[in-house]
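Below, chain A partners chain B and then partners chain C, in two separate complexes.
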Partner chain A sequence: MKHRGFTFEKLKIASFDFTCCEGCQLQLANRESTLIDFLELLDIKNFRELSSEQFDDYDIALIEGSISRQDEVERLQAIRRQAKTLVAFGSCACFGGVNSLKNKFSLKELVAEVYPGMKVETMPVKKISDVVKVDLSIPGCPVNKEEVERIMVNLATGSLVTLPKHPVCFECKAQLNTCLFELGEICLGPITRGGCNAVCTTGKTPCLGCRGPSEEINMPAFVELVKARELSLDDLQEKIAFYNAFEGFSNHEA
Partner chain B sequence: MIYKVIAKSEFKRFTDALLRDNTSFGPRQVDTDSRGKAVYQFLPVTSSDDVAFNYTVTASSAKHFFLPFREELSRFVFQDQEWDQQINYEADPIVLIGLRACDISALNILDDVLLKGHFPSPYYLAKRKNTFVIGLDHLPLPDCFCKSMSHHTISTGFNLFCSDIGEDYYLSINSSKAFNFLKEFDTRDPLDDDNCRLVERRKIISDSFLSEVDVTALPSILDIEFDSPVWEKWGNKCLNCGTCAMVCPTCYCYSVEESFATNLKGATRQKKLYSCNLVDFAEVAGGHNFRPKNGDRLKYRYYHQHRGFAENANQQICVGCNRCGRACLAGINPKDVINDLRMEKESCLTNISSSPDRI
Partner chain C sequence: MHLKDSATMKRDYSLDIRHLTRVEGHANISITVKDGKLLDARWAIVETPRFFEVMVKGMSAERVPFLTSRICGICSISHALASIRALERAMKIEPPVVAEKTRLLAMHGETLQSHALHLFFLVAPDFTGTASVLPLITSHPDLIKAGLRIKELGNEISTVSAGRCTHPVSLVVGGLSKAPDKQQLLQLRTMIQESKPALDTACSFFRTLKIPEFKRETEFISLSNGSSYPSIGGSIISTDGVKQDENEYLLMTNEYSRDFSTSKFTRLSRESSVAGALARFNNNYDRLHPKAKEVAASFDLQAVCHNPFMNNIAQLIECIHILEDAGEMIDSLLDMELREIRTPYSPKAGSATGAVEAPRGILYHHMETSDEGKVVRADCIIPTTQNNANIGYDLGAIAEQALQEGKNDKEIEKLCEMVVRSYDPCISCSVH
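Coming up: the complex of A and B.
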């Protein structure tokens, strides 16, 4: 690809799934209007959902899912050795995601419930950065394809890669939504990173924080607001724990 | 200005015709909140039945019809070594019905900032010129403080303003477009009795304000209280969410983003409304942030609203609609913040404390 004296190399990319629903990888094939242009940016080396060919000479590795077995740890470490840029792709990879709910129970209890009578090797869920160094995080459950596209374009053109720093509320207001707090619900919009265009709240569903904390969140003020409106602190705790994205903030008096 | 009186039933015929033939927006109820109060927004309307004439206030202002939350400024097309820039200022004509006096004042303030400065905005101008504004008076809500800001009455900035005088509307006609269109409908010149009813209506409105914010000498108080602990106190509550600026009819800050098309054959430059409360508002290349603290960012929003900046001849730009106060989940509102600042200043007069160091 060439223009105005610059030559852009296609991104040698591979995508790997770990413990997850593969919903984020599926997003890569979404947004048909620009799909062909998007795939033009990529030299796909390994991507189970798009092609059966597998090569190991990738630069960028998209890691989807969290880590919950020893063999996953080893596979991830091997990918880390090859990848120049390792991307935590989606909320499972960035924070542990929904899978982290598992960590509330003992492993024995879990196996007995889900795989009764079977011998299953499992361990508490970890996010990718608990196991290897992560170069770039793209949060979201699932990721927002538009954002992924923008980031890939930026990587291909050597531009700065950024995520929005503001919370979801800011985007929610641009949709003229009635605030869900006004409707008596707890919404994590004020502490969650924007960039999803407030899809959930626009559909009148409270934000559960899948994109993780926005920059410099004010957790004490947020908890205060839940209390001032006499909303349930248990509900708050449950929402904050949903994607395991607020570790380090979640113990805060809530 | 020309004044006419129109029966409400005839006004309904007038709006039906206007809204049927034009892309129009007016107040509509969107929700009922958990305290049983109706929530309104300016949304598309196609007949007078769609318009909530007896609405209170919209949660978000009408600003985004003139300054969209996101707007494409230009588009670039690359060809070999060359590139083309395409700019489109054009705006389709729209009708905006039901604006309050403070909403129209806010447009006049935006006109001052965006049209009378050194670099008038053609994007704003196109939209402003192509919008037919119909105002509607109302009784203030308990927390409206536009009277304190002298924005509860309005004499320019609209095409038509309707004062509710019972069975009729008293019309202030401020454009030939409105005058000509009204010719096809049954109106009459105001009689003495109509004028009396108008005066009475205005008095009732003026007497109905429950909230008052003392803004005398506020700009200088803001200067004196630059280092006041009041900012830290309120800043500690702030969620940095930008909601206040988004719903405000006069906040006009924006950011500009340029992005390649996915096929790398072109690019767009987009303008996005932004807010001085957002953490990266004062962040510059290299990552330095000039306003890293919540309280500093909050302070600058109040400075802009109540002290004004040079491009606006240092006038206050707050019209007193209290949309920011209503929408703020943290309970931060101009009335309480300004009263706090005043108390702070007065206590410093009685205690004769030494002034804090400036860093």
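Coming up: the complex of A and C.
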């Protein structure tokens, strides 16, 4: 098709959800004022939540959610065999997300508490890249639709797809917000990847790191900053663990 | 419809749908009829459980609403506010008036967005005979524009009042972390006014549809507060005359599990009951805005209505109510100083229930806190869980009725799918 002088093929796309809240898929239907234009970019092949028609000739697969049962592993592997570009869509897919908080409990304890006397299959939560190769990650809880639109346009036009390298802090400062550290609150803005327009900190709630680490973060220095301000290391740990997005960085606070 | 001869009525019929489309989450339908006799009708939710009730254990109360909002991508504001209400009641915190009003406005935004998503994206294609909403963009452009306008307004209301529409940022234990901006409230006021024609377009479209005739008497449960259409907190009432205090939610739900479903079931006076827009309408008709009542009359919808398909219409009527009520809420917020937004508190041991009317029905969060303000126990009962048993019974009854009316397999399958969609099930939410 032709759009503003560019000729391109519509993206043959599919959207699949695994263990999650489906909030990221829902973002695809948000930003209503640009929605009809956005849909022009896409040839939707398989999107169970939206359409009863399902085809398997898709190129791009958006994967929402984390993996927590064997049938999900098999479903994901089948999608991987078909998709040319497999996208980890949202924080659950990219990092395991809030679902990973389950992993500090034993499977037996989890099932016994929620389903007493019943046999329920579940396994420790995995991120998508633990199971199959991921070609592109779009983090966020939920994903930022504006960013998704930009990435889809880039995919359609064959342009480079990149995520911001700067931290949330940068975007927060640009909005002239009072730093939450100045208000006595630990905020993960200094170590989290930007691209969210600092939506949480602008709402005066601390960043919990849903977009994962920004480039070249200095975790030991960040922990020192928390200590120097005599803020609670337990609080820091609770925040860092929230989306499981700082795996490999989280043992520095001791 | 006239009844067909007994040979047709004594038919065998079976239906097996794996992963029903155009609903949130994964669930299957199976129905078996032999010699015209219903053997089994099953609504089986197969979504993976996430175990939120265990995850919150040991987490600081302040953080918990940010976690529980992630139970659901569509009704995250309801989940945040159910947790916040439970925790505030457990720790004896009174949020300021501005916070209470802003929260009600956020709930309105969420319900509007959720109803619009359901009515235009998921339900409308059943009536236009299309696989999805996509062909309607060209065949029904005015309708789709109207639907998007209503959905956008819902999201805008939530964004102005809660900082973000999916997974809110400024709804916190004690009140709000940030007050809504007056300039944005003023703009919202205008946007509401300008969106009213879109709702008229939607009503005109839905009036042309032939809603399936089906009735199975059941019990409708909702919140009730005696002064306004229910939203946050109140008594729990049923159309069978049961009334309980919010903290006695267990007496209203009697939750149980079945081995074929990862979502649980509830019951009260009968084998099943219903929560949602139609339940709210049936229990609180008097509290609706006069304009919403007018529209209800134009659809011949009267309390108590036992046709589950009319839940779609009840949602539409709630959209009318919300547009009127949200406008009044904004006016009253504009008249106030939006300074006192959060009540300071110290952690306390306690336990309480927070019940809210999420878009799909009553949502209960029960929270128990320790002296240090950590959550030590949590229980969440989701609207769809409260509808699961009723959906199963409806599937059996509608298949039997359709067989008696001599409908063919395709028609029966479509009716079964439609009746499930009319409940607007939120499946991953119900498994949590």
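Keep this in mind: the second predicted complex is superposed on the first by the 249 of 254 C-alpha atoms of A that agree within 3 Å, B and C clash if a C-alpha of one lies under 4 Å from a C-alpha of the other, contacts with A are read in each partner's own complex, and residues count from 1 in each chain.
Here is the rule we use: a contact is a pair of C-beta atoms (placed from the backbone, for glycine too) under 8 Å apart; a residue touches a chain by one contact, two chains touch by 3 or more.
Just so it is clear, the model here is predicted, and its values are computed rather than measured.
Engineer: Looking at A:P124, would you say it contacts chain B, chain C, both, or neither? Reply first, second, both or neither.
Structural biologist: neither
Engineer: Once the shared chain is lined up, is A:G195 touching chain B (first), chain C (second), both, or neither of them?
Structural biologist: Neither: A:G195 stays clear of chain B and chain C.
Engineer: Is A:G96 touching the first partner chain B, the second partner chain C, both, or neither of them?
Structural biologist: Touch status of A:G96: no partner.
Engineer: For the three-chain arrangement built by superposition, which of chain B and chain C touches the greater number of chain A residues?
Structural biologist: C
Engineer: By the touch definition at the top of the document, which applies to A:L50: first (chain B), second (chain C), both, or neither?
Structural biologist: second
Engineer: Once the shared chain is lined up, is A:C141 touching chain B (first), chain C (second), both, or neither of them?
Structural biologist: The answer is second: A:C141 touches chain C but not chain B.
Engineer: In the overlay, answer first, second, both or neither for which of chain B and chain C A:A29 touches.
Structural biologist: second
Engineer: For A:T19, is the partner it touches chain B (first), chain C (second), both, or none of the two (neither)?
Structural biologist: Second partner only, chain C.
Engineer: Quick one: which bits of chain A touch chain B in the complex? Just the residue numbers, please.
Structural biologist: 1, 3-5, 8, 34, 37-38, 40-41, 149-150, 153, 156-157, 159, 165-167, 169-170, 173-174, 176, 178-179, 181-184, 189-191, 214-218, 220-222, 224-225, 228
Engineer: What residues of chain A sit close enough to touch chain C in their complex?
Structural biologist: Residue positions touching the partner: 17-27, 29-30, 32-33, 35-36, 39, 44, 48-54, 68-69, 72, 97-99, 101-102, 105, 109-110, 113-115, 117-120, 122, 141-142, 199-200, 202-205, 208, 235, 238-239, 242.
Engineer: Which of the residues in chain C come into contact with chain A in the complex?
Structural biologist: For this pair, the touching residues of chain C are 19, 21-25, 48-51, 53-55, 57, 59-60, 63, 66-67, 70-74, 76, 117, 121, 125, 131-134, 137, 144, 148-149, 151-152, 155, 163-167, 169-170, 172, 177-178, 257, 259, 262, 428-429.
Engineer: Which part of chain B faces chain A closely enough to touch in the complex?
Structural biologist: Residue positions touching the partner: 30-31, 33-34, 39, 41, 43, 59-60, 64, 69-70, 78, 80-81, 83, 236-243, 246-247, 259-265, 273, 275, 278-280, 294, 327, 329-331.
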